[in-house]
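Across the two complexes that follow, subunit A remains constant while its partner is subunit B and subsequently subunit C.
Up next, the complex of A and B:
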């Protein structure tokens, strides 16, 4: 058959030379970036102040939430303005387990994820009938309702009402690490496991089905994909990730209260996702970094130009807005897209 | 039950029985019936708007007929969910392309093999050993189709940027990946030049022979339909106006009238 001579000329692996790491085949450049990134993530917190470690932990927490949203929106094409609700649900699950049931903090992570998976899946079912803007609106309702529900009098016994719940930061069992560093490494471990899980998902049969539904739902159905099930499941998995982020976030912040989980938190996740890059896993980290540091950077920029002029404080968010517009214009595929572009240029050169 | 027996006995793989589709006041199909034998290539012709794609959409359960019945291998598909259609062996391509634009050619074809694989969210997230093995099998099958259809040069490119004719071939490969018993081709020659149309005709026959597929072909290129089809059904305004061998249909006065107008 004609097929045999084609095989020789068409390498079946990806064109770039690839290596194996953790059993995953990947191009050399990507592997170098990964190892370097992981190295920085492990060594840097040992060298900086506790506050900087706390900030880095928060970056990872946001990154996990952004990753959850990206699985839903970036890969599956379903919009959500309601992820603050899943984040809140995860945070409260962890806080209540720790506060009322004296569960050790690391045993609360999976339950928080599972509760949010169920929540996401159930919300995903009625959401099947909604597309685009209408789905955005329905999820917006979820985001608006959740803080109010957490304040609701009859739940106060569990939720602590407007006061919220205090969560105490776990002590480090390892003498060489401060409590902040210990928590950072715990969050890092969770993040790495979740990233590996997400990476496995999106590069396999499930991920192909998710992307196929986003690209062409009718064709996906005709190819035998149970689009309803996949969409609900993706909502569940997205909830799982964001719920875990919420649980970790509660422990990192040592506190949960309804007003920490307003609709604006959802918008932050959305900003992180778009700035980081849609349908990309490393983008989650970039998104997390952007969410946490960009407001601070805006503040720095203002103080450089206006000194301590108090009226200039108002310009912080203007600067942030300009940064945001700039990012969206200059790197429409997100920061991850920018990095990918550089890597492609860099990787091509020796070969060509 | 006797009808079911008859259908299988005379080798019909598909029976379309009096299928009508009404959209509000518009009658897209008005009681079309025909049978298809196993292993044949059957042409489905008709002027624009005759209802050909509507019929395809009924066969892949994207439209629900207002009345009538469709039997596949002797069983009605009227209660089959759209996503189960690939499972029972009905594959299709789309007139205006319905590929997954951002995905590579390989990945598109691997989505086509969705019904040939079983891994789910959890087994994928943990990448269990059997998932890796399943993936390897799917990848090999996808590459076999890539070689079969000569798509090797573009295998890793996103399909959205490929030429129309190439995308049509990717759709064909994707449909074949599901190992269909019957293949519904909706204008596969669209956008092809004269030589390419001839190649396509040979390819369709080759696919039928190599892969034991029955083919229902909607096409406007009459030369293509008449050269590859064993049987041709002609419809116009949602009604069947002729049926038979290509020669018979070409001589059919109703068909000639539908294509050339009523000048008597």
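Up next, the complex of A and C:
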């Protein structure tokens, strides 16, 4: 009984926490990784060129979008090929607020997120009746139709039609930082807040409900979980994250135009999620890194073989596709799965 | 009234293309319970092969037939090499692999034939032997070829033993295997047929929309819409749905929404049908046993 009481008094005690990796306790390992990661994220942009900072900012933006998709697919088991639509909605909300209403850029992030939350929630409502595959189809249709909707004549007054909207990069109010670095730290702050939010969401009661719905919707319903509410709510939250990513992306890229938000943007998010790993928050960052740097790296490799032939650039996407198939076959849980395997192999129980 | 008739007939011609794609999608859906998101890009790639054969000096119909054979083999190979190993994998793995295939075919076509727009010849005479303003010769030819193809597929599934075996394998793989049908072979055969039907659709639409790697995305969306409207469990329904979508697209474009929102129209149709009549017009209602 005593041991039971002991466990009851600390309901969060996780048996895996008593494991040791190379003689260090698991919670400590996690702490070290976190601090090291944050340290790199803070110090590195002070040392590299402005362009590299710009790229790192893009990585964070993609990571936030991938995180949004992962909340939906990884934790709740709903598929979406339509996240480019939410990204576009966020980007346009921010761009219109900045361009037409002269709102300061940091006040556009939350409205963009809220608009996308509502958009996601509303799209999630019909999605309740659609099982996995049908949802993928409906969201596919959404993604394919998005650029056309953005170009639509009657919205042109706001969206700028085919031309899109120019957004001007904010100047840095802090003298020690360049505009790129300032923007980077702003995006980093948003990213950290969103990650903490996602972390708390999936660890708590809500997260358990989301995961239960993913693993067995009928059992979840029997246990008294309001599946409809949670599913459309998750869609909303996922839209919120992706919309914020879109708003940040618009500010970073200084430009929004319909053809940046095609179906293939949804595909990038999907690639980032799958390569990073489902149902893992750090994986979203790995996914962001992958979708930004992988095209550059494969471009370098391809230019070694084909020189500067412009149509050879298409091979980048062939590499992407092959990489995806490879991931599904060999590491279905993505990079996060690999890390888990590594830990399982080397972690030791105390006294072992 | 002339405009209405003209638009309807023209819609039937594009509808024939949608019907073919819808049929291809439904054939694969019946066999493996997944939507082939790469169907459009596969058809596009086949069309490029035909274009290349014609550019090498082959007569149209020979190139057409050779392309169908190659597409058939290609479809079977895709099933054997890529989908057979992940047959029991979760839904997401399938979706990801379909998306990967879309990327690969799209980019590969761009790499081999580059992204510039190409003219694809129409095999039909430029003048009809009789006088009419209602339908063009190409449109009439498209409808005719599609109907012939659909008829052949119907006869194949209804009256040949292989067709029967394929239907059995799709309806109940376990029992089919027990009576000696090789379900694996039937699956590959289904993929080959679907790729062939898609190739026909690609080659028939290419003279109208021009040939380029991104030509099929919108058309595939309409194909999906056709399949959903007709019912994903009913090949005949999918064909009807495809024709219906072609006509609806034209009529809605002429009288209601204009040409700017055609894809949005397909989105609305798909979502509406999935919401209110998920089985489609002709599909069976699938009941899940817990």
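By our rule, the second predicted complex is superposed on the first by the 293 of 352 C-alpha atoms of A that agree within 3 Å, B and C clash if a C-alpha of one lies under 4 Å from a C-alpha of the other, contacts with A are read in each partner's own complex, and residues count from 1 in each chain.
The rule is simple: a contact is a pair of C-beta atoms (placed from the backbone, for glycine too) under 8 Å apart; a residue touches a chain by one contact, two chains touch by 3 or more.
Model, not experiment: these values are computed from the prediction.
In the superposition on chain A, A:308 makes contact with neither subunit B nor subunit C. In the superposed model, A:237 makes contact with subunit B only, not with subunit C.
Of the two partner chains placed around the shared chain by superposition, subunit B is the only one that A:220 touches, whereas subunit C remains out of contact.
When the two complexes are overlaid on their common chain A, residue A:332 makes contact with subunit C while staying clear of subunit B.
In the superposition on chain A, contact of A:211 is made with subunit B only, not with subunit C.
Of the two partner chains, subunit C is the only one touched by A:133; subunit B is not. Put simply, subunit A uses residues 218 to touch subunit B in one complex and subunit C in the other.
In the complex of the two chains, the subunit A residues touching subunit B come out as 1-4, 6-7, 9-10, 12, 14-15, 23, 197-198, 200-201, 204-209, 211-212, 215-216, 218-227, 233, 237, 279.
Contact residues of subunit C toward subunit A in the complex are 33-35, 37, 82, 85-86, 89, 91-93, 95-97, 99-104, 106-108, 110-111, 114-115, 217-218, 221, 224-225, 228, 260-264, 266-267, 270-271, 274-275, 278, 290. By the touch criterion given at the top, residues 73, 79, 81, 126, 129-130, 132-134, 136-138, 140-142, 144-145, 148-149, 151-153, 218, 263-264, 267, 270, 274, 278, 310-312, 314-318, 320-322, 324-325, 327-329, 332 of subunit A touch subunit C in their complex.
If you check the complex, the residues on subunit B that touch subunit A are 60, 62, 81-87, 92, 94, 98-103, 107, 110-112, 114-115, 117, 119-121, 124-127, 131, 134-135, 138-139, 143-144, 146-148, 150, 152-153, 155-156, 174, 178.
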